[in-house]
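Next come two complexes, and both contain subunit A; in the first it sits with subunit B, in the second with subunit C.
The block that comes next holds the complex of A and B.
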């Protein structure tokens, strides 16, 4: 069943359009930076954008920081929100269930497919960011060291493993979005409702993060630690936010998937 | 195999949707080898019953058995022996008909053992192409489903139901959207499948179709099974003989007291012996156009057993 879901995901044109669009924004930013030469001052604008003029390789990380707040979660919410509700809307859900595909099994397969999409998106953003950065921006040798966010020097080896950890962290953060959209996808028969519902939660969370009065709530908001992957490029690595981010996402993922499973396993499929 | 017990059996099956009792205590029995006609008006609970049988909707109370196994608990063990078309076909429009069936077939593993037809890719391909050929879609298998006509989609839905040569076929309005030739083809297909041992539950509003195909019917009215009997019994002679004659008045006078009803030149006579009646009429010089035992049509049976819908009452 998992293989079937992957085939469905990868044979959909929309999957590839989403991945393409996801890479478009960082590419535009890179081209603009290259043409104008105006980089934001350090500490302003998306993370790392100040450094990429000198070292284009770093644009891989900058690209991740550009798509993370909005584009990536939108893409994930669309794909995960579609997963069960899309089948219900198309009427194919009933035919899958009477094949028979167990409901839990179907949900797991959908979750795996959504996770693969997340990983695929994050990896392409990093790879395309790297290539575009090398081509359009500073083409310093790959071996060149980088100045960490803390001001010390990081070797390319250090950058490499930190980037791998960053990819894992961002992917895991996006799984929280996927779990939310998947849960809503079992509640409604409309994929748009599920996707927009998940987006509403994220926008609400982002908004509350900017409101001082909401400070007591902030450590529990799903988007709170998303950009903490920047801490991986401090020297030494500042792990506290990363750890809290992973813990918080894990709770969201477990609770939302549990709710999705509980709902779907006993649901009347009338679509 | 689970012996010769009924293929489908429900006991006191009830399903509420909120305050609505969509299915209200149904005892349905479908025996092996039957073509069972499942009749009822829109909103009478047919589709909900079918969904209950297949484990899509969960019963409020009551029991369901498929092949003697409790549903939906044994869904994983028995549903691969069932092929179904529920409320119209459905497929992924951006994929071809063949790919749709390949994915559907791959989505659930077949149990090992004889008769399962094999699990490999080659076996799957053979199964799919056979099902496509059976419903006459062999030539358009590679075309995207979004380019299919309504009739082609319906055929694809039937092909999906036939994919694993199921022992039980549950078909909801299988001839929907088909042209007259398509309807005839599907009917022949069903007869052929039934002849080779497939049990069929056919839900339909087309009484003529059911009358031609089915051996037994169940009639739903407002969530209740108001009738379940052999078609042959329901359509058995009523004990009256129909006479059509231009000399209706003379015939009426001759048979005084035995004429049940008269409408124009049509008389219904209380006798089972049509031959003797004919001889008597002819001997009296009465011309007879038509004469034979009265049989009720399924439509009359259905009308007699269901309550007419009230004005404005489309469904409950």
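The block that comes next holds the complex of A and C.
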């Protein structure tokens, strides 16, 4: 079942269009920075973007910070929102459920497929960001390429494991969005409605993070720890927010996947 | 399993997960009720002890100032995330974290280093980072530093016990300081100290009449251990811009704008000896009750008066125009009331206290006479 869903995901043209669009924005930013030489002022713009003029390799992480707040979650919401509702709208859900597999397994397979899409997107953004950054913004030797946020030189080994953990953290952070869109996808037959519902959650969460009156709520908002992957590039590494972010996303995934299961397991499928 | 049962399981599980932080927050911390006076002594004895951790301070004080003082506005009116490695009062590192980077200040035997990641700049300043009079910085908001300042002159009679709580997962005992000075605008200072070490880990400062603390600082991770030397040391990274910093002379800056001689005492408090000059700024007070006064030249006073008249919350008093932000009060006196000079009075005083200062400045004929002569 999981293999079938993965093949379906990878064969879809829109999967690769979404991945391409995700990489387009950081590439445009890198080219503009290289041509104009105008970097954001310190403290302005996405993380690491103010520092990429001095170090092109940092653009791999800056690219992640560029797509993380909006474009990546929107892409995930679209893909996950289509999971069940898209089948219902196309009239294929009934035929899908005729197969001798449980609906819970189908939901899990859909979530795994959405997760693979997230991982694929994040990996390509990092790789393309690294290549574009070095080509457009400077190609210092890799051994001296990266200064930690705290001002120490990171060895290639340190850069490698921190980036692997950052990719894993960002991927996991998106699973809450995927689970929300997947749950809504079991509620409605319209994939657009499911995607928009998940995006509304993100926009609401991001908005509440800027409101002082909502401070007591902020540790529980799904987008609260998304940008904490920057903490992996401090020296020593700060794990507090990473751990809290992982825990919070795990709770959202469990609750929303549970809600999806509660709604979908015996739902009347008419389309 | 039927549909209602499935939903019951999901809703029950969700409520249980949501309740975990609330239950942990209200779970009683084991241990006998603490004695406030003894805790005050323990906190005093723990000064200078090493520790390290990750802290967050939240201020709700929207100061009506900008420009050179915007850093102070951010500290007192926003959320600040800090990492600290504290070996002793002369050797420490405090990082102010942001989603974009980090601003690190390190006091080392070789000097004071400031590292700004986004600016790719390291600034070294010779000597100790501490001076008698300086601008507030992020490290001042750490619970041990803030508590040391606020409890410095507290007496056992002014403190009472608070229920213990867990801070950063560790049991902490609490005390409440209620200043006895009737003119103090600070109603309460609540401090929780780590039970094992006596180091303050949470401080909450509340203004008189406020429904919530105006400033809260607490550790999210805390360890009362000596930080590793590697975490404190600093070498500028290759390619970074290196500057030699000049220590900002705040006293000289203030002196440029002050044109009168403050009186020898105000509200019964003698002038503090920290400001090493006769004219200019006068500091007075005890413990959490602090007030600073300076006579401003006519042009600057008029400029400030214009700004205050349109500031939110500004109030016209017979003695001048005043603005209060949480426990911080500011009064620009009417020169007709205070002997022809406009005095800027600011500190942790109530409106009545600020007005009282204005009356004493008016009565201090010798101070006025000195000011005219200067």
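Assume the second predicted complex is superposed on the first by the 269 of 271 C-alpha atoms of A that agree within 3 Å, B and C clash if a C-alpha of one lies under 4 Å from a C-alpha of the other, contacts with A are read in each partner's own complex, and residues count from 1 in each chain.
We adopt the following convention: contacts are C-beta pairs under 8 Å (C-beta built on N, C-alpha and C of every residue); 3 or more make two chains touch, one makes a residue touch a chain.
As the structure is a prediction and not an experimental result, all values here were calculated from the model.
**Q** Since both structures carry subunit A, what do subunit B and subunit C do when superposed there: clash or fit?
**A** fit
**Q** I'd like to know which partner A:54 touches here: subunit B for first, subunit C for second, both or neither.
**A** A:54 contacts subunit C only, not subunit B.
**Q** Go through the superposed model and pick first if A:266 touches only subunit B, second if only subunit C, both, or neither.
**A** The answer is both, since A:266 touches subunit B and subunit C.
**Q** Touch test for A:236: subunit B only (first), subunit C only (second), both, or neither?
**A** Second partner only.
**Q** Taking the superposition as given, does A:96 touch the first partner, subunit B, the second, subunit C, both, or neither?
**A** first
**Q** Could you read off the angle at the CA centre of subunit A, spanning the centres of subunit B and subunit C, to the nearest 10°?
**A** Computed angle, apex subunit A: 140 degrees.
**Q** Going by the contact rule stated at the top, is it subunit B or subunit C that touches a larger number of residues on subunit A?
**A** The partner making contact with more of subunit A's residues is C.
**Q** A:7 contacts which: subunit B (first), subunit C (second), both, neither?
**A** The first partner, subunit B, only.
**Q** How many Å separate the nearest C-alpha atoms of subunit B and subunit C in the overlaid structures?
**A** Result, nearest C-alpha distance in the overlay: 10 Å.
**Q** Common interface residues of subunit A with subunit B and subunit C?
**A** On subunit A, the residues that contact subunit B in one structure and subunit C in the other are 266.
**Q** Tell me, which parts of subunit C touch subunit A in their complex?
**A** By the definition above, subunit C touches subunit A via 1-3, 6-7, 9-10, 13-14, 17, 54, 58, 60, 79, 83, 95, 97-102, 104, 115-120, 122, 220-221, 231, 234, 236-240.
**Q** Within the complex, which stretch of subunit A touches subunit B?
**A** Residues 1, 3-4, 7-8, 11-13, 90-92, 94-102, 266, 268-270.
**Q** In their complex, what parts of subunit B are in touch with subunit A?
**A** Within the complex, subunit B touches subunit A at residues 17, 51, 54-58, 75-76, 79-80, 82, 84, 86-95, 99, 103-104, 106-108, 160.
**Q** Can you list the subunit A residues touching subunit C in their complex?
**A** Those in contact with subunit C are residues 42-48, 50-51, 54-55, 144, 147, 149-153, 212, 215, 227, 230-231, 234, 236, 238, 240, 251, 254-255, 258-259, 261-263, 265-266.
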